[in-house]
Every structure is written in C-alpha cells, then in structure tokens.
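There are two complexes below, and they share chain A, which is joined by chain B in the first and by chain C in the second.
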Partner chain A sequence: MLMDRNHIIQEYISLAKSLNGNVTIDNDTLHIIIPKESLVEIADKLFNKYQCDFRTCIGVDERPVNGYFSMTYVFTDNRNSLYLLIKTYIDSLNPSTPSIMKVVPAVDWCEMEARDLLGIEFTDREQYKLVLPPGWPDNVYPLRKEVPYNYRPLLRGTSEKISPSTELGVIPIGPYHPALHEPEYFELYVEGERVIDVKYRGFHVHRGIEKLAETRMTYQQVNFLAERICGICGFEHSTCYALAVEKAAKLDVPERAQYIRSIILEVERIHSHLLWLGVAFHVVGYDAGFMHMWRIREKIMYLAELLTGSRKTYGINLIGGVRKDINEDKKQKTLETLRELEKEFRELIEIAINVPQVKKRLSGTGLLPKEDAVKFSVEGPVARASGVNKDARRDQPYAAYKYTSFKVPVYTEGDNMARALVRINEIFESISIIEQLLDKIPRGPIMLEDFDIPEGKIGVQVVEAPRGGDVHFVITGHGKPYRWRVRAPTYNNIPALKIMLKDQPLADAPLTIASIDPCFSCTDRILVIRENGKREWLRITTGV
Partner chain B sequence: MNFIRKAVKPAELLIIAGKTKRVTVKYPFEKPILSPEFRGSIEINHEKCIGCGACVNACPPNALEFVESSDKRTLRYNIGRCIFCWRCIDVCPVNAITGTRNFELATNDPLDLYSYIVHSKTKCTSCSKTGETVKMRKYIMQRSPVTENYINNCPDCRREKFINALSVRKVGFVAK
Partner chain C sequence: MPSKLESIKKSIWVFHLNTGSCNACDIEILDALTPFHDAERFGVKLVGTPRHADAILLTGPTTLEALPKVINAIEASPRPRILIALGSCGSSGGIWHDTYSTIGGVNSLLKILKERGVDVDAIYYIPGCPVRPEAVLYAIALIKGIVEKRVKSVVLNAE
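Let's turn to the complex of A and B:
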C-alpha cells in the first residue's frame, strides 16, 4: 500500500473519526483515543487492512490524574514511519475492556500482563495468570499507584510438576539446563525423535524494573537501570528510553550525540551477532568455530571499552546526549579495528558456514513460515529470515541512521540457516554503518545543557536491537517517569518458537531455541514466579 | 577439483589458528588487557568532600548513601553496589571524587566493601536543630554573601527571623 504519507495520515484520521475516535498528531506519532467498543474494529483495520505492525500494549493507572485506567496499543506503520497509539479509557470501578486477541494474536501476553499488574479484565478471551506468583494476594496489583514499590507479600515456596507422560514422551528443558543460559522452561512432547508439541513456561525472574523507575528513581538514573534490562543489548534499551523521553519532552539533542549513539549501537550489534554465531556453533558441536568467533569478538569488546569506558553496560547515555566523546585518536583506532575484524570475520565465516555438519544442522531446521511470523509479530532477524521486511533503523529512523545507507538483509527460507545468514550480513552492514558515521560525524557539543521535561507527555520509540525491536513507552511525570513500559524483542519471539519446534527432530531443539537469540531476562523484566502445586499451564496461544 | 576444495575448506581453520597462536593472557601473572578508558572503582578525597549530597542524589544504584546520626552525617560508599558509571565524578561540585582503573575488588571480609567519610553537622544557634555539614556551610559562605547572622540558623529559623525583621521594619513590631 504505497501511498503518500499525508494521504495515509488522513486515511487514519478518517478511520478513527468514523469510529468516534479523537486524533492528535504529534510529529510521527498519531494519538488516537477511541471508545472501548470500537477497539476491536480499529485494531482489525490497522493490523489486517493497513498491515501495520503490532508492537505492544500498555496498561496505565491514570486514576491519580483523571480517574481512569487506560490501555494503549502501539502499532507502527513501517512504510510511512508512523507510530499509532490507540488509547482507550477504562472505568476504574469495574476495569474491563474487550480483548483484541481475535484479530491480533500477538497481544496475548501483554494483555495478561496488564491484567496481572493492573487488574484490568479482558473479555472475549481466555484469561490466565501470567506473571504473578501463586499465593500472591488477590486484589493487589503491583503497578497500581497506591501499591508501594517495596510491598512484599509472604509467599510460600511451592513446586510445579511436569505433565504426566501419556503415550507421548515428555522431555523437560530447563529451568536450569545446559542448553539454556537463563531460567526458562520448555516441555517438549516427543514421539520417537520428533517433537509433536511444545509448552513454554517462562517468567521465573522478577526484577520489578518498571515499578522501580516509576517510584524511586530520577529521569537520569533510569538510563542506567534501562541498560541493565539486558546483558547483551543494554545500550539499545538505554538509548530507547532516552529517545522516548526526548521525544516526549521535544528535546533537540545535539547531532554529534546522536552520531555517537548510533556508532555504539552498531558496535553492540556486531558483538551480539558474533556472540550468537559462537553460541550457535557451540550448540551444533563446532567448538572450534565458537572459539574463533569469540576470539574476534574480543576485539569489539576492547573497542567498546575504548569508546565508552566499559566492556558491557556502557553507561554513557543520558537524556539530552551522551557522556563520552570520540576523539580523532579513538576514531583511527576504531577504523583500524573494524578493518581487521572485517577481514578476519570474512575468512572465518566462510570456513565455518562451509563445515558440512554446520550447514546440515542449520539448513531446513526450525522453520517459521511468513504467515506465522506476521501473526506473532516477531522481531528482528527472526522476522527478516522469514521474509518479513522490517528494520526499525530504516523504518523508524532514530539517532543518526537517517544519514547512513545500508541494506536490510531479508531471506525467505525461514530456517535456522536464514537466521544465521541475516546476522552474518548484518555484521558487514554494521561495519559499513560505523565507517559512514565516523566519516560524517559533525563537530559540536555532545550534551544538551539545561532543559526541562514537562509532565504528562507521551513518548514512544522503537530501537532495533540485535534481536529485534525494543519498544519503550514513557509518560513523563514529576522528576521521574509516570509510566515506563519496556517491551524486549524476545517477548514477541518466544511464542513463535512453538511453531519452529513442531515436527522437528529433538536434537535440533536446542539450536532452534538458540536461533531466536533469546534473552529471557529482558522478557521477564517485570515478572514473578507462578506456581501453585496444581498443574496449571501457561499458554502460548490458545490451544496449547 | 571444486569438490576437493570444498571438502578441505574446514581444515583452513588450522592455518588461521596457527597464525593467531594464543590470544589469552595468564592473567594473575601477566597484566590484564585494559583500555585506557576503563572505568574502575572510585576514590573520594576526605579533605575535599563537603558532604553536599550531589553524588548521593545522582548515584543510580545507591552505592553512595548518607547515614545520618544526631550530629554526624556519614557518606558511605558501598563498592558492592557500585556500577562504576562515574556519575558521581560528573556531578561533584568540588572534584573530590576521582576514578581509578582498579577492578580487583574481591575481598574476604564484607566490611572491606564499605568506605566512610564522616562529616560533623552544624547546629542552629536558636533551636539547636542540626542541618547541613560544617564543610558545606563553609563552602556556601565562600560563594554567596550570606551574613553570619543568618547562616548559623536552620532554614525554619532563618525564615522566621527574616519575616520578623521585615515586619519590624515595615510595621514597627513583630506580629504574633
């Protein structure tokens, strides 16, 4: 649907108007306030007719401000670089709203998260407890403003049983398992060597990051908290948070700072993809490849330390700019390292990908067809390997990406090989992006002096992390965010694993799980254990 | 021919491995690979610190905290919580904090993780409430023209004194 941007905006406005909606346009964001009866219809139109991308949904406790709860659904129109925020107000005495799951299946988890944490009920769908532990007192909803951040109910440790084996064999993977790096639990039902069905049980780790930011931190402190959402792609999260607040407050950040952000983002992407390739080789048993990938990754880690002061969790992002400049000396060193890296990586990957075992294990396994990729709104390399052409760097240009030109690798095979190739190509693209940015980087300050952040403004930003799009949604408050919602890419990618693992040999399961480059702790950032002795299963989508 | 080339391709890794040799260092015996920009633990200069609390407000993980007692204000640095972001160095008004490249911070005794700077607090001459640190008061006096008469009071007494003085000047007496 290639159309002139103004034309499509008008179309969205008339669509909202026809459903009694109220539209305000703020740069690249359309805020659409709609009565809850029209929610399903507008979601259907946006998702199916206009093929907007569903990103996440956010429940907000706005009772201290206007006496209502609200749900905001974030859609993005990737062709026209538009954010569409569909907001509906929900009565606070009997919070209930129709679910849009029938039209947008990917909404499953985030609606249940809003139910657990804010007590909003969703009609027309099956509801279950997603994130709170069993034994959590009823009627205590942690993200409601009256609940203190340090509220800790007495919870008794309980155990959870795996399903009784029927005629199918049950193979549990996790919560602690050599093939997984983080506490997550998969239950594979096998018939002989073939996986028939999968159950996924996540959300074991609670960190309460959103509540913490909303209660006891200041705007600038949250940058460092955001960086700790993920151990691998932390800088994307802090950039995303900073950009969202800057967008809400309409701050004009110095160009040089935006360039530096983009450079560091790409450095992080290279290191993350190299890490992933290493892990993938390790999983298929090609440990020599693993060692060499991590050997050349070490150069990037050193480079990151040189540019930011730390190997990981760089800590250079603040609202209004960055803290560390790149001088001529560092620029030369960076270019030198990248040249070396490119040469070595090209040599190595050609060898590694031609190893017969690697080729065989990667090709044709973990298939994810395009229809399912769209249905689950998967992100990043997983989407691009299944023929979904989306990349926030190109579609929603942020930081300094609009000054660069790069290719977005898209493969249609949808198997593990395609996901590996997407990442391999992206490493070369990233190297080229850094070179372009270093070449063009303008002079000037790197930090905005003196600014203030008005209250009650909304900012939403998508940043393309190595695993896919991070979404940060911020409502500004007094000295700290009023509401801050984070959606990590793995949150959308895990449900797709069910499709990828089905009808595949059991031996490929660890590789396929690894192939989405899962980052479970990012996904769990808000969550608590849920167990109650009884068997009660999480559903990925209906019918598990 | 092509087929053979493909078959022996994986073996080329041996050539690369031979060229690169060992890349790890025998760390405790050899020096670790650190870049000049590395951020390590911080050091706080006892003499320079005025106990203003700028670092306490900025510190994201609350590694720097004030421990208050009746007449002392103690700045406590807990290295176990520190994330080495060096925000405190950015915000310190007197440059009392310096960054080091030290990262070997493991210890047998958890108490070693803490370091303290004890400041004595000032007392209000009228109501004997304690206020900011002595050094902080000195710092303020150097920078802004506050009369001794006012600076020795707590903010409450200062306000009252000011209003009273104003009322004496304007109306002639202090309103009860």
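Let's turn to the complex of A and C:
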C-alpha cells in the first residue's frame, strides 16, 4: 500500500514537471503550481486518467502579497488519501484564464463564483452571473481586498420578471414554497405531466460570510461564524475549518479532543438523517412517519444539549481542541439514549419504509446514473446511492475516525429509495461509531495550550457532513485567515438535479428535490448580484 | 396589545418566510410543531401562502436577493398584519448586520416597508441563536394573551 502511494506521488510529480509545473509536498497535500496554459491538460489527466475526485476551485486576491490573482483547483485522490492543489497565477491587470469546464463539468459554478466575486474572466466557456443580487454595481467585486466588507449598494430590489415566454408549460416552484423551508427557485418546464427541463435560481441566502471572516473576525471567532453557515450541519463546518487551520499551522491536537469532535459529528449525522427522513415522508404525504421521526429525533437533540450545552450550532470547537469534556455520567447517559433510540428507530423505520405509498413513490424515481454522478462530482448519500463509493471519513481519515471500523453503505440503483436506504444504514453505523469511540476514548487534555499560527500557509480539509463532503480551504494571515473558502456538498449536488428531474412525472419533483437533502444556506454563503436589474437565468449546467 | 388583534387570538395561522437564515431557527420552528412540543395544540398552523396567514415569521437577516420577494409576501398578507422576527438574525441582523449582501435586521425592513406604504400592525421579537422551541411556545402564549409580558421594552436607537 505504502509502495503504491509513493509510486503514485512520483507519477503526479513527473506529470506536473512535464507541464512546467512546480511541486511541493506537505504531508498529504501536493501543491502544484502550473502555468495557466497547462491547466486544462493537467486537469484532464487528473480527472479522467487518474480518476481523482474534483472538489472545488478557489479564486484568491493575492495582489497585496505578490501582485497576482490566483486560482486553485482542489482534487483529491481518494484511494491514496491525497489532496492535490493545482494553482495558477493570473495577471492582475487583465485577469483571464482558460476554463477547465470542458474536461471537468463540475467546475461550472465555482468558476462563475470566482468571476462574480473577484472579477476573473474565464475563456472557452459560456459565462453568466451567479451569486450577486440583481442591480449589483459593475466592477465591484466583494472579495477583492480593497472592497470593504460593509460596502452596501443602495438596492431596493424591484421584483424580477418570472419567466421568459415559451411554448412549454412552466411550473415555478419557490422561492417560498410550502414543501421547501428555504428560499430557492426552481422553474420546471413540462410537457403534459413530464418534466423536460429545469432551471434553478438560488443564492437567496448569500450573507457574505467569507468576506466577514477575512476582515472583521479573528482565528478563534471564525469557528463560531462557521457554525452559522448552516444550522443543521454547523459542527461539520466548524470542525472542517479548525482542522484546515490546524493542518496549515501543523498543530498536534490532543487525541481526546479529536474523539469528542468525532462523537459530536456523528450525533449531528443522526439528527440530520432523522430530520431528512421525516421531511421525505412529509413530502410523499405520509405525515405519521414525519411526526414519529421528529418525535424520536428529540432524544438526539437532548443528547446534543447534554454533551455540548446547546441544541444547535454547538459552540464547543476551537482551533487546538474543544471546550467541553465528556465525563463518566454523560457517557452512560449517551449510551442509554442511543440504545433506546436504536430500538425505537429500528421498529419505526421497518414499518415506515414498507408502507405501500412510500415504497412506490420512492422506488424508481429521481434516477441518477453512475456516469453522471461522477461527471458532476456529486457528494455524500447522493453519490453513494448511485454506486460511487466515496466517504471522506474512510478516504481522508480525520479527527478520530481512523480508530473506528464502520461500513460505508453503497447502493447502485440511483433512485430516491436508494438515497433513503443509504441514510437509514448510516444512522445505524453512526450509533455504532459513537459506541466504539466512547469505549476507546483516551484520557488527557482536550485543548492545546499556547500555539502560533504562521502566516501564508495553506490548509485544505474535507469533512464528511450528513449531505456529503464539506471542503474548507484556508490561507493563514495575520491574526485572521487571509482567505477562507467554504464549499458545501449541496453546491455539487444541485446541478445533478437536472438529470434526476428530467423525464419524471411532475408530482415526483418535490420529492426528488428533497432527496438530495438540499441545504441552501450552506450553498449560498457567498452570493453576489447582477447588473441593470436584469436577472440572467442560472443554467444548472450546459453541455449535458 | 391593540384591540384589532383580538380577532386572531383563536388560532394563529403562520406563514414561514425564510429571509436568509442558516436553517437552525427554521428547524426549531418545525420542531415546535411536531409531537414533543406540539404547538399545534394552540391552534398554530403553517400555511402555504401569505394570503391565508395571520402572522408572518421572518427568520434571518434579509438578504438583497430575497428582499423583493419578502416585500411581495408581506404585502400579500391580510390585515391585521403581524410580523414575528425570529432569532438574533431576524431581530437585529445578528452577525450579518452590516455585511455587503444583507440589509440587516427587521428594523431596516420596516423602514423599506414604510417607504412602500405597507403597514404593519404588530411586531414580536423572539430572541436566541437559534431560538429554542420553548421560546417559540412562549411567544405563541404571549400573542394569545395566555401569559403576561415580563420584560419592559426600552427603545435605544441613535436615530
């Protein structure tokens, strides 16, 4: 295994060298700096030949440091637990770089995000506005360092025209819709009862988190801000941020703290999956299932409160460790709660998943074939239900997962039922992981005292949230991150909805949208706006 | 509370308007409605359109993207019009009070509504980050007049 890994690292190095690249190795991360002419070629090789997983791309304004913009593309080699950061510098007077969308379709949104927020132009692709609200002034790019975080254009938001006229029937869903609890807008084009095309406009929840972290906050405060990215998977975000900074600064965090982090992460996974099952049952009209799922979920909420002092957005993570310990009493109560929960959940889910209407509505709807799942780099249960065997807990072990053994459920059907079954199995696995961790938890401190964070270091971390892999990318700065980029799993999963909704009955659309467990507040965190009051429609993707 | 609110005291139908929140408050609202806390025993119900709503629940700092839609929804709701600002972000804008893509808190929203000539009859604030389901229950009881308000409100505003 070790031989293999060294061998593959050598292959990556010679690949980069052959394209005039410069490689530095830092533990599990390969930093490859490449001229922009070779970008498409190296991305093609990594994604299509070596089958690396594309995670995200990050635009950085490095003008105060070296006078350039830069783009960094994050790939991971899941079989060898490697991160590959492909970086290219872009001239600041005429910021333009070739797009890699032809070879890596999943790059669509993150390139457009860099264009909106930093003003980097991408050639060889169709460009459109993605994140900023309509009416946002031209030539103001919020993530450029000279723009203050509280720059606020006077926008009074005139309502946009909903739909361009077309011969097809258009069914709008959202932005405020009883089946969706977050603002997002889907436009379904239908022929009779069948959906033939979908357009999506989201980014209603762009609050400017990244800019805030780079300007007004300090390292330790950003942990609490990261929790506010999402109210459901907040702890994943703060863990991911803390791990990325710890990796950049090479901090050795106490084992006990890592165990506690893993335990809370699994508690969060259980409550999130129970929540999703409830919502899915509600959408198919099985409200008894919804109420029961939420009833037993309340046990987990009280468990979270017992362990961390808070029902949500837990507030115990810091860089260097955690703030709350688990004592013997809490341990016993946790085990007791989990036993009760497992018994009740097993009983309930066997009934619920076999209710004829549930079975029929879930089976065979919202199909996502494996090739498309790979092409869009989808994450989490959506990927695992389509036969893509990836889970960051196993592939890029972080926190204390390397000390546990668990199964990663993978189904090949790719329908809504498979996505439900993946989540059901994961709940049982999570319960077993918490029991293993509580059994093995070592003694010792829970917080690293006294450490320095050097400037200009890069850390990138993937954390498996309930919805898929979160990616946090940090460049350290003076007292606060120089650049912090967050990529939530829904960001990669939404474009795949186009495939799932196509040629399906309209009645299944809300269920299929819910089946990716969308989390729009995570996805939208960086939104920005568009010009002349004219909204251009966001294409889910082109070239499909 | 003014007497015109008497008419809605029997069962309050609520339209949930997520104006850019992180979901935590939204999930706690659903939590308050499900069996453990069971706010439905007070006649509270989430409805699918603002036209059927007695109260509008605002969660989150209003983002620029959501603003026009939020105004439309509030305009569409019948009088008497009650707004409930939920959580730190809903009440004051929270940590986002001055970021580039929000308008910051319900106060700025009220100003914009006033410019548009949209009247608001009453506004309630539920604090917390996120709000606890118990706080939601307390607010319902307060609106229905089951409990007395226990804090005095003092308006501190530089303007």
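Miscellaneous remarks
Methods note: the second predicted complex is superposed on the first by the 526 of 544 C-alpha atoms of A that agree within 3 Å, B and C clash if a C-alpha of one lies under 4 Å from a C-alpha of the other, contacts with A are read in each partner's own complex, and residues count from 1 in each chain.
The criterion applied here is as follows: contacts are C-beta pairs under 8 Å (C-beta built on N, C-alpha and C of every residue); 3 or more make two chains touch, one makes a residue touch a chain.
Here the structure is a predicted model, which means the values were calculated and not measured.
Legend: residue contacts after superposition of the two complexes on their common chain; A:V355 is shown touching chain B, with no touch to chain C. In the superposition on chain A, contact is made by A:G309 with chain B only, not with chain C. Touch criterion not met for A:I441: it reaches neither chain B nor chain C. Contact with neither chain B nor chain C is seen for A:L277 once the two complexes are overlaid on the shared chain. Residue contacts after overlaying the shared chain place A:L225 against chain B and chain C alike. Contacts of A:E347 after superposition: chain B is touched, whereas chain C is not reached. With both structures placed on the common chain, the touch criterion links A:R295 to chain B and to chain C.
In the superposition on chain A, A:R323 contacts chain B only, with no contact to chain C. When the two structures are aligned on the shared chain, A:F203 is found in touch with chain C, with no touch to chain B.
Once the two structures are superposed, chain B and chain C can be ranked by residues of chain A touched, with C on top. Residues 225, 228, 292, 295, 298, 313 of chain A contact both chain B in one complex and chain C in the other. Here chain B touches chain A in the complex through residues 6, 9-10, 12-13, 16-17, 20, 23, 33-39, 57-61, 83-87, 90, going by the rule given at the top.
Residues 16-28, 30-31, 34-36, 46-48, 60-61, 63-69, 71-73, 95-96, 98-103, 112, 115, 129-130, 132 of chain C are the ones touching chain A in the complex. Put simply, chain A touches chain B in their complex at residues 217-218, 220-221, 223-225, 228, 288-289, 292, 295, 298, 302, 305-310, 313, 315, 323-324, 344, 347-348, 350-352, 354-356. The touching residues of chain A, counted against chain C in their complex, run 132-136, 142, 147, 149-152, 155-160, 175-178, 181-183, 203-208, 211-212, 225, 228-232, 234, 275, 278, 290-292, 294-295, 298, 301, 311-313, 519, 521, 527-529.
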